[in-house]
Amino acid sequence: MAEIVTLSEAVRELVHDGDTVALEGFTHLIPNAAGHELIRQRLRELTLVRMTPDLVYDQMIGMGVARKLVFSWGGNPGVGSLHRLRDAVEHGWPAPLELEEHSHAGMAAAYAAGAAALPFGVLRGYAGTDLVARTRVATVTCPFTGEELSAVPALRPDVGIIHAQQADRRGNVQLWGITGVQKETVLASARSIVTVEEVVDELEPRPGAVVLPTWVIDVVAEAPGGARPSYAHGYYDRDNEFYAAWDGISRDRATFTAWMQEHVLGAVAA
Amino acid sequence: MAEIVTLSEAVRELVHDGDTVALEGFTHLIPNAAGHELIRQRLRELTLVRMTPDLVYDQMIGMGVARKLVFSWGGNPGVGSLHRLRDAVEHGWPAPLELEEHSHAGMAAAYAAGAAALPFGVLRGYAGTDLVARTRVATVTCPFTGEELSAVPALRPDVGIIHAQQADRRGNVQLWGITGVQKETVLASARSIVTVEEVVDELEPRPGAVVLPTWVIDVVAEAPGGARPSYAHGYYDRDNEFYAAWDGISRDRATFTAWMQEHVLGAVAA
Amino acid sequence: MTATSEQPLTFTSDEMMAVEAARRLANGDVCFVGIGLPSVAANLARRTHAPNCVLVYESGTIGAKPTKLPLSIGDGELAETADAVVSVPEMFAYWLQAGRIDVGFLGAAQIDRHGNLNSTVIGDYDSPSVRLPGGGGAPEIATSVADVFVMLRQTPRAFVEELDFKTSLGDRVRVVVTDLGTLEPRDGELTLVRVHPGVEIDDVRAATGWELAVADDVGVTAPPTDFELETLRALESKGRE
Amino acid sequence: MTATSEQPLTFTSDEMMAVEAARRLANGDVCFVGIGLPSVAANLARRTHAPNCVLVYESGTIGAKPTKLPLSIGDGELAETADAVVSVPEMFAYWLQAGRIDVGFLGAAQIDRHGNLNSTVIGDYDSPSVRLPGGGGAPEIATSVADVFVMLRQTPRAFVEELDFKTSLGDRVRVVVTDLGTLEPRDGELTLVRVHPGVEIDDVRAATGWELAVADDVGVTAPPTDFELETLRALESKGRE
């Protein structure tokens, strides 16, 4: 049974320095509030996992939370580069960042393998690319056809964090719209935190929803607006202007640091 | 784009003697009408695939449609044995029936591999059982951990047949309730037939629904009541009395044959 | 079999089996349930001491809360009352294989002293005297759940020295509840630990096809309480509606 | 660049690129679409000659019918208008890998003469001069769709003799639409087959970092029709709302 706690309690109880932490939400329901809480609690040496690291990962990297990044596409969608990610990789600021990079297909297979408690996922991919030499991928041979395929090691994060629209009071969670890889993230992780727009009396079944029963989740924390500047289908839209503005804010180390001081470190957790 | 045709046209165009044909619907939406049409068109030498062969498979086997059965549990749920299946296996009547049997987990993984166009599926299963010597299963070794796991060859039927509640006029299909392995069946098969309760102007999105776009389906055929005596969530209930009655009808070869003559061969296709 | 004289209600051996199995479920256990006696036991537990027991059916329904006994693991009410309905491949990969299920119930045609089960054939595989339905979910249930509960009526034909076919492994079998008593593994062998009211140890020996190990401290199963029995009968009469 | 005098409307090179790419899509094609120019091209095709073109976004939306240009592949309108929304693992396994997609659009920072693409790093991998976003869906899109369409502005820095990193393979690249013209593979090498109106072959050569193969029969791209251009502009102005 998931416990319903505050976001600051959730992070304090479940996330420790050095953990492997995945914050997922593919283009939707990105757990920004939870990422900010990781920054506020000054977690260090995390291996951060995410298929599509964007603004909140740029912020965590720039604030020195991460030792390593496992990812498949890291950018500001529709805008350009992540300047803090680039600064860490290109110049080691504020600290060097180790990269383990995959393709989307590889990372999706790795999450699915993790959710199924298999040690590896199989896909037809990576072959012939320079990624093979730069990431964790191996070859498996089909015992029936002899075909060689790619194997990726299962992702089994210490902590999986997602944002959903609703939980009920027992901690059952429902998300809808684009549901991405969030089910796999929770099921693949040893511990899980779900932030939600609101806790409701009853989850009303919805088309296209993913429901996660309370007994596969460790803690649920209410965090209204917790996906902003990303969006929560049925609650609020994507703040496209902020994505564009981030390019300017993040380009310069001092501007970035001042912005984080004012908007994240200075803010109080939900 | 799926063509909307009659059930008899669907079977005539897509199913040929000797084909491997999967009729799926896990405990719900079992494509009985389509199975009856296979019998009426006197198809022969089929390799029939289904996780849970029940009444309609008993009927097809008893009528000599099948050369081989690929399955994981073959019985009359809550009632007992399938007498026609047993007669074929135990006494070769009306013809010997080759068996390839799996566990549910193995067959589900084989369908999922087929849907993903992978040559094999991986699971932690079968090990230590006598099934290993009696079915198609092999060992794969995880290239990262060295763990040995089971591999099953992908299921890629020539024809996949399912029953759904609704299609729209363009041939998009929606099913809901317990959706089983039907998506995988259509996606794993070279050709596909979907029978539906009704063709509607517009598919209304429903909680828990699976939608299959028209361009992954070959033909859609209207077959109201096409899952009876199984049920169609939102349309009609399971005819539990018929499941019980089938035990008596199917026990004796002559009674069975007479029943089939009257209720299936004598009936006209939808 | 009838109840002891202390009990106001008499009960059948099937009722004793269901009650005894239900008692083994802890509140909050996540159970993989089939149809028949296991479904009766799990639903009884939910209505008595274990209201938070989570019922998972292999048809894909997670957290089903049926108001009457399902006749098939695919009954519509299971989907309607479930917290979530998932596909069958997802059920076996993400839920069963991943080790999320505490208790799995299994039945069979044959069991051996190690709890290995046969639900495949009686006789030779290639020319069986009885072709049984087959393994279904059993092979992986037996190795993926934490605890396997077996429910099986005890006869020498079912409790055999050697299985005709090994469909699933006994490694995780924690209890076998029969119509005569309760067996648990001790030192790697199923051992009689309790007889049901009115049953003698020799009755159980006679119903077992191998030389049955018997615990030093064999007890007698507490007969069904009135509450258990009334709840069970209400449940079963609803199932027959 | 401006239109020829026969055209009543002038157009930009980006508009020419979008129009030319859109024309390559056949009605009914199932397209894997990213954001930016590919999304513009695919949505333009759906509003002109290919209304039954099926848009699949890697976020999981199948058959999306956006009324305005999405700013992210995860825009809510994509889910709302889609025939089906699936999980990301399902999208890559059951839909992309299974070969159900006819056309996949790719962009990149670098391309070589074989259509191999780099979207990973400029410079050395371990100490890059520019760390790019990375492969994303590209490695498997490039090998799983029937036809890869590349859209890329043509400069010597982008069209290079040797890639700094090979992110995806060029085997299935059927066309490269640039702001200067159109290249297609001939005898295993990307070859200039058409220049856009007002562009000289030597302009294209100068914008290419290798010795560009030029077809004997290089044509001139038909300029955007008024209908194409008006539709495109209506689409883009909606996207900016």
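As written, the chain order gives the labels A, B, C and D, with residue 1 at the start of each chain.
Rule of thumb we're sticking to: a contact is a pair of C-beta atoms (placed from the backbone, for glycine too) under 8 Å apart; a residue touches a chain by one contact, two chains touch by 3 or more.
Everything quoted here is computed from the prediction, not taken from an experiment.
**Student:** Going chain by chain, each one touching the next, work out the least steps from chain C to chain D.
**Tutor:** 2
**Student:** When contacts are scored as defined above, which chain pair ends up with more C-beta pairs, A-C or B-C?
**Tutor:** Answer by contact count: B-C.
**Student:** Please report how many Å separate the Cα centroid of chain A from that of chain B, as a whole number.
**Tutor:** Here chain A and chain B have centroids separated by 39 Å.
**Student:** Taking the mean of the C-alpha atoms as each chain's centre, how many Å separate chain A from chain D?
**Tutor:** Computed value for the inter-centroid distance: 28 Å.
**Student:** Please list all residues of chain B that touch 2 or more other chains.
**Tutor:** Residues 112, 117-118, 123-124, 183-184, 208, 210 of chain B each touch two or more of the other chains.
**Student:** Chain C: which residues touch two or more other chains?
**Tutor:** Residues 93, 97 of chain C touch two or more partner chains.
**Student:** Quick one: do these chains touch in a line, a ring, a star, all-to-all (complete), or other?
**Tutor:** Its topology fits none of the listed shapes; call it other.
**Student:** Let me know each pair of chains that touch one another.
**Tutor:** So the chains that touch one another pair up as A-B, A-C, A-D, B-C, B-D.
**Student:** Touching residues of chain D toward chain B in the complex: what are they?
**Tutor:** Checking each residue of chain D against chain B gives 28, 30, 52, 54, 62-63, 83-84, 93-94, 97-100.
**Student:** Applying the document's contact rule, which stretches of chain B touch chain C when the two form their complex?
**Tutor:** Those in contact with chain C are residues 26-28, 51-52, 71-75, 77-78, 81-82, 85-86, 89-90, 101-106, 108-109, 111-112, 123-131, 134, 177-181, 183-184, 208, 210, 231, 233, 237-238, 240.
**Student:** So in the complex, the part of chain C that touches chain B is made up of which residues?
**Tutor:** 35-36, 58-61, 71-76, 78-79, 85, 87-89, 91-93, 96-97, 120, 125, 127-140, 143-144, 165-169
**Student:** Applying the document's contact rule, which stretches of chain B touch chain A when the two form their complex?
**Tutor:** Checking each residue of chain B against chain A gives 117-120, 122-124, 136, 138-140, 142-145, 147, 149, 151, 153, 205-209.
**Student:** Quick check on the complex: what are the chain B residues that touch chain D?
**Tutor:** 1, 112, 115-118, 172, 183-184, 187, 210-213, 215-216
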